[in-house]
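Input: structures, listed below.
Okay, so chain A shows up in both of these, paired with chain B first and chain C after.
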Partner chain A sequence: MKEKRKIGVRLLRIKNRIGGWCKEPYSVMFAVLFCVLLFLIVVPLWEIIKESLQLSASDAKRAGVETGSFSLYYWKQLFASKISFKMLYEPLMHSLVIALCVSVLSITIGGVAAWLMVRSDLPFKKFFSKAIIVPYMLPAWCKAMAWIAVFKNPRIGGSSGFLSYLGIQVPDWLAYGPVAIILVLTIHNYAYTYLLVSSALQSVNAELEEMGEIAGAGRWYILMKITFPLVLPSILGAFILTFSQAMGTFSVPAFLGLKTGYYTISTMLQSALMQGNNGMAMAISIVLIIIAAFNILLNQKLIGTRKSFVTINGKGGRVGASVQLGKWKKLITVIMFLFICAAVLLPLGILVLQSFMLKLGDFGLDNLTLHYWIGEGEKYIANGLPGVLKNPDFIHTLGNTLKLVFTTSIVAALCGQLVGYINSRGKAKWSGRIIDQLVFIPYLIPSIAFGAMYLSMFSAPKSFDIGRWTVEWFPSLYGTFALLVLVSVVKNLPFSSRSGTANMMQIGTELEEAAQVSGIGFFQRMAKIIFPLSKSGFLSGFLLIFINVMKELDLIIILVTPQMKTLPYMAYSYLTGGTEQYSNVVALIMFMIVFLVYFLAGKVSKEDVSLNIG
Partner chain B sequence: MFKGKKLLATTLTLSMLMTTALGCGVTEKQENSTADTQQGTEKVQTEAEGEKAENSESADSSDWAAENKLNETESSEELYQKALETAGGEIHVYTVSGRMENVKETFEEDYPGLTLVVHDMNVNELLEKFSREYEAGIYTADVIHVKEQTGQILKEYVETGMMHNYQPEDIFGDVDEEYLQLTPMYFEADWWYYNSDQYDECPIDSWWDLTREEWNGKFMIVDPLTDVGYMAFLTTIVENADMMAESYKEEFGEDIVLADDEPNAGYAFLKRFAQNNPIFETSSNNIVKAVGAEGQTDAPLGYAVSSKIRERDQQGYKLGIDPENFSPACGIYGMNVVEIADHAPNPDGAKLLVRYLTGDTDGTARGFEPYNTLGGWSVRSNVPKVEGNIDFEDYNAFPQDFDYTYEHLNEVQEYWISVQP
Partner chain C sequence: MKQIELQKVDKYYGDNHVLKGIDLSIEEGEFMTFLGPSGCGKTTTLRVIAGLEKPDGGVVVISGKEAANAKTLHFMAPGKRGLNLVFQSYALWPHMTVYDNVAFVLKVKKMPKGSIYENVMQALSMMQIEEYKDRYPSELSGGQQQRVAIARAIVSKPKVLLLDEPLSNLDAKLRLEMRSELKRLHRELKTTMIYVTHDQVEALTLSTRISVFFEGKIVQVDTPMELYMNPATLQVAKFIGNPKINLIDAHAVVSEEKVVIKSMLGEMSISKEAFEKDLPKTEEWDCVIGLRPEHISVTEEREKSNPVSVATSMLAGSETLIEVEEGGQRIMVKQLGIQKYQAGDKVYLKFLPDQINIFRKDNGKLIKKTQITCPQ
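Coming up: the complex of A and B.
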């Protein structure tokens, strides 16, 4: 009798626990999100693993077996063959060195800049805050081209670089190879840190710092012991993004590394893809994925031990006290100006200049022309191609691009906030951690492979049979706009969720709890508390995605039909077609759109956000 | 409040979707496992059936080809009328060439009512897209235009029935059999370019010149690791190791002495060539630009595709070539082929387009015009010759066997990677 009652109590307890779990909105959200991510991320990942273990049609024919036979061939070749060193270990070393240097440099530059912009009394803030984000708005390949335009030396022939034109000899090690790659990638990537850290600094309550001051702590001490730890989650988030981006990026190492035979893991991966050697490519991407997973794990350990910091809470709260720079003000301002000139104005200027140059490499005044912008077709220039603005194809492409970019960034930023909520509220739980890791996977899968996976996953409708009925629960998305949006949203989840998490981490649970105690429902809590408070994070998430998708090429190239092509595609095909000037014009137009949206976002949001956004 | 409702709605829909999805997954699994345990024999049966299905699929593909008269000769006018009535008069071409846009213009003028939709991609994207669509049973492409150098198109697409040759008698009747494994549209090849401002004549006349110290780090090629066509070329050098050995003797006056890691003169060349520090580029375009830019005193040499010689006249690049005096041969052909996709939605339109692109009966259809340039050749005798072009027969090509290339490409690639400096 007693025994029975015990069991009854236990069952009741389990029932209550399950019931409670179901009633809790967090759990429901988690369950839904988990399933969706499983479907959108784990399935493609599984496909990739499978492909690395199956012989491709060519290799199967060579080996005399059936296509798709199980084989460790690619893994053996990668890890234990006579080419392993050249194929994997050496490129991997190169990549790690590059990624590490780029991360350290980017975080230093981005972090310092963010602090100066948010916390100090630096003059010309308005100008700086806009200029500093500019390099990120240009596709990476533009910056690599700009680098070559300046530093090119006669080794690789062709029209002379700007410095050579002036008679300055540029050594090979500066013009091409690791140093060039690291510097260009740093310029490309420091914006992640800048955006994430400045948004975090924005929301740090100045009282915390003031309290330190009252307690008699020195400025440096406050910076190191109060401010820095508070923004550490954002910095680590930025580190992951930067590191993985530097590991996975292809165009810059290809432009600047190949010429001296300097391979990285990403150029090796791209080579395999370019050759249609998919099995090998997938094996290399898995190596990349594992490295990144390790990176995330490390990051979680770090944040985990440091705990999180709630910086937006219900009490008081006035943001941003200025730190007086005092006698350093002038020097710092000059350094900032120099940096902006070198990293921002120079590449942009070169791009603009080249778009006006009839022939590249001739820096004389009589070589300037508006042809590539508004010229009518002339037979002797590029087969009679008219200037970009006179090309009817351009308007159409522009329309497509805007539609795709706006839809994707709004959807992605919203999803990012949701994921961020789960992440931050579930940081201590296994559930939050799982979502955090799942969401990051798409970032590590090479874009072109990801696109291919989605093409096969969604080209046929998904259905199942119940008795005689066939239920189609997912329609075929082949050739639709929805598929482009879907793939772009999922691929950019790491970005949106990073900014969402960084954002949500800082919103104290006590605000929610207070509302909960007053009997306000979950959805109203979301609408009235979480969303308004996360507005700034939402906007910066939106902008990150907007800029990313605007530049996206590899991901959607396999999914687009000619009627749906986008501006980056146009710019890139001009570039590979050997008409750089046209390509520059399109790239500049892309840049102007991004800049305009960025500017407007700053105008629309209220003062507290505008500091960080523009 | 509105926001909340919307969110609620989304969440609900999503969760419903996912529950149904999960539910279906579970039931399926159960069914499978019972089937597995109960009847092992049935499994064998299904497998046999699967095989049968596969065979009938290829039969299906040849049936399709016969049904759509791919082995007959019909006139363009006849095909035009039929094409208008199929698939809304749309014809989709997957191509690796930007010039197809020019073809679109003239095609739609010459055949009013038809629309040519051009999908311009690089070769891997093209093949990836095409195969994935094909596997999923989605037939979009009518005509595929790619460059064949490795034997891949032949072995994996045409021989498997995913693509079909269409070689009407009035166009291909007098073309040499050796080029008709696939349907050739035009040929390109590769040769060495030099800067004609700097040199009066080509400073090299043999592949072995490029292993000499004086050219160390002063010549450019397209990275064979990014463009498989060049790996195919390196494979052909190995295939013709005897020619390379002979050429070595001609160049240096003595027999080649092979090191331990050089199995033959072909491999020996690959190793010595790689270790003489070539500058890798990603495209032929970049190479002719680098070689031919004006005002250089120390321009590199560059190995690039023959059709880029037209940039000499169009862009004013200072480009010189001398393909007729190069030992033992210049390179291999890049055969641009036009194949009809299996189950093309508009088969008559596809046939019409192939005819148009290859010049039609008399060789003058405007479809071939954009491709009839310096450094490109039709295999047909009645297509108008381009002024200043060397004759197709005068291009000195290595003998290439697609079977050999296809079989040995990986080996050669491994060797090439292993001997990089």
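Coming up: the complex of A and C.
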């Protein structure tokens, strides 16, 4: 009798546990999200590892074994063979040197600029604060193009650059290779460190510094002993971030390095892919991922929290009185202006100028033309290719790009809010933490490797056999719009979910509980309370992704097909095809769209989107 | 009839045991207050009743129905328990007007439009905020927001109204006003109310009964009067009353019929019948006398007790607080009116032995209650 009742209670427990679990929207959402993320993030990661350990058809034939059999061949080749030095060690050294220099330079420039903007009496602050972040709206490869336009020297062949035109001999080391790459990447990345450090500086309460002053400390002493340690976490965070980005970046070293045979690990990865040496490419990807993961780990050890990484929220109290620059004021202002000119106006100006130049390398007035913008096709210019705005291919690509960017931004922002909901409501639960870790993984994987991963995963349909029948449960996505959306959404998930989490954190659980105790169901709560309250956060998430995806090249460069391409890819292919002016026009149109959106964003949302740009 | 019953309710947050076997029953129409210092589990208990937290052990019964049973993992959804909750932060939906905030629940439940209006206006008028119905929460003062939060909670006519420190964000004057408002609300609605606070004055003035929480346990459930006059333990005695109760070390000697208590107050002999049953088994034991400051007076005439000297004398408006000292122990005396004493004055203390509490020294339990003489 007693035994029976015990079993009854146990059955009831099981029934109620399952029933309660299904009724709990949090757990259902978690389960769905977990499975999706597993499929989109963990499985591709696993595929990379698998592919690096399996022999390809040709290699298998040579070795006389079955295709796909397990082998450490690619790893051995990468790490311990005659070509290892050329394939891995040298490019790796190049990448590390570049990443280190770029980080140090960016932090120095961005940090000093941030301090000047936040804490000094620098004049024209409003102008500087707008101008200083423009470089981030221009894709890095546009700046590489501008660099080439200025410094190109005749030794490589083709038309001459601006300086050569003026009769100045540009040495090779400045025109191409590491120095060029480092400078271009610095000009691209300093804006990010500037944003991180300046928001950290703003959050330093003036009272902390004033306390130091009362204690009799000097300005310099206060800066070194109070202010600097307080913003050190953001500086370290910015350092690690810049380092990882520079490590994985593909387009700039491709533009400025490949012509002279200067390889970095990411360009090596791409060339391995292009040669069809997938196993090797995947092995290189893993090396890149491990370095990135190590970076994050280091950051966690140093700073203790990963949260300080992307955004720093919440401003402290009052920002202290500005420091008088005194006699240095004029000099510093001039330097700032010059810097803005070099970093912002010059590249843009060059792009504009080149887009009007009939023949490259001829900087005379009579060489100007609107042909590349609105000209009809003429036989002797670029095989009759019409001006960009007259080119149906461009219109098609523009439409395609906008479609991709809008779809991706909406989907990514929605997913971000969803992940944010799980993260904020499950802060203390293991489930919330797992999701938080999972969505961060795409951040670790360099764009080009990420693209490669999705290529290998989705180029063939996924299926399994039941007896005689083959059930296809996931179609091949190669060359489809869906693949581009998918890869962009997942790659941007770390950013969108971070913004979603910050957004959801602001919506107190009590607002939801107040409806819950009145018996209002989950969907009603979502529709009537959570969603209306998260509108502005949704918008800023949307814009952040919009700008990111609009200029994305590294990620999709190996996934696009002639029918399914985007503006950055179009510009890239014009450039590699030797018709740089077309490329410039496309890049400028792209920049205008980004700038317009950014401008509108500032009007619509009170939040400063620039803080979130990743 | 019993409205709510908690049986051996346990709750853990990780390794942190926040509720340790809470047993409590609340009658219909009661105004029950959960009182205790912060972090003692009172809000958690409230949330367990509301269904926002699931207990890890024990049973919750609401209106005769099992609302939560940790053993069978049966948890009724918060919305089905026939109760509503007023949050400490008010949790008003910032994107809705006052009217919409209150009407939201009725709208979602698809009540006909006419009766929604009627019900909402009734709730608003009960809280005297009809005129603000088209404003947004951010356009209201703290006190007005509080009223909206209550209106929202009572509009669906819950059987039980839960209030989580509702007055803690208001200033002193508003708090007083809202206190009498809540009392009126309880009288008019006749719903069962459960009220969480750490403010003893709120608890004593509002409640029909008070549950005192310490470290995840209920240590006493009593009417405000009983709680004040006869705190069950030393801990409760120290917590209730401002200025604090005087606690004086004493020594007891038990004889056949009497217990003789020796302390700085002098020697008292009290009939054994006045004591509770669980006296220490020995013949002599240490104890603590509890004596409220208002139950003592200072006089210059010679009394039975030893003379004491005045340490400080502080005027506090309608009363004077006099601290006297004797042999290292200090005693606070609260006397009405303006009294003039200088530090060092020799005085005598006057009090009725009926009005003293005696606690066991070893476990802090109350062993002698005061005789409440005032009319109930």
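Odds and ends about this structure:
As a working rule, the second predicted complex is superposed on the first by the 354 of 614 C-alpha atoms of A that agree within 3 Å, B and C clash if a C-alpha of one lies under 4 Å from a C-alpha of the other, contacts with A are read in each partner's own complex, and residues count from 1 in each chain.
Please note the rule applied: a residue touches a chain if its C-beta (ideal position, glycine included) is under 8 Å from a C-beta of that chain, and two chains touch if they have at least 3 such contacts.
Just so it is clear, the structure is predicted and the values come from calculations on it, not from any experiment.
When the two structures are aligned on the shared chain, A:Val287 is found in touch with neither chain B nor chain C. With both structures placed on the common chain, the touch criterion links A:Leu533 to chain C but leaves chain B unconnected.
By the touch criterion defined above, A:Val585 reaches neither chain B nor chain C. Of the two partner chains placed around the shared chain by superposition, chain C is the only one that A:Arg13 touches, whereas chain B remains out of contact. Shared-chain residue A:Ser518: touches chain C; no touch with chain B.
In the superposed model, more residues of chain A are touched by B than by the other of chain B and chain C. In the superposition on chain A, A:Gly508 makes contact with chain C only, not with chain B. In the superposition on chain A, the residues of chain A contacted by chain B and by chain C overlap at 521, 524. On the side of chain A, the complex with chain C involves touching residues 9, 12-13, 16-17, 20, 23, 428, 508, 510-511, 513-521, 524, 528-529, 532-533.
Remark: chain A residues 28-29, 31-32, 35-36, 39, 57-59, 61-62, 77, 81-83, 86-87, 154-160, 254, 258-261, 268, 270-271, 273-276, 361, 380, 383, 448, 452, 455-456, 459-460, 464, 471, 473-474, 478-479, 521, 523-524, 526-527, 531, 557-558, 561-563, 573, 576-578 touch chain B in the complex. Of all residues in chain B, only 1, 3-5, 7-8, 11, 14-15, 17-18, 20-22, 24, 27-28, 98, 117-125, 127-129, 132-133, 135-138, 140, 152, 155-156, 195, 217, 220, 223, 225-228, 231, 277, 279-283, 285-286, 289-291, 293-300, 302, 311, 314-315, 406-407, 409-410, 414, 417-418, 420-421 touch chain A in the complex they form.
Those residues of chain C that touch chain A in the complex are listed here as 13, 50-52, 71-75, 77-81, 83-85, 87, 89, 91-95, 104-105, 108-109, 152, 156, 162.
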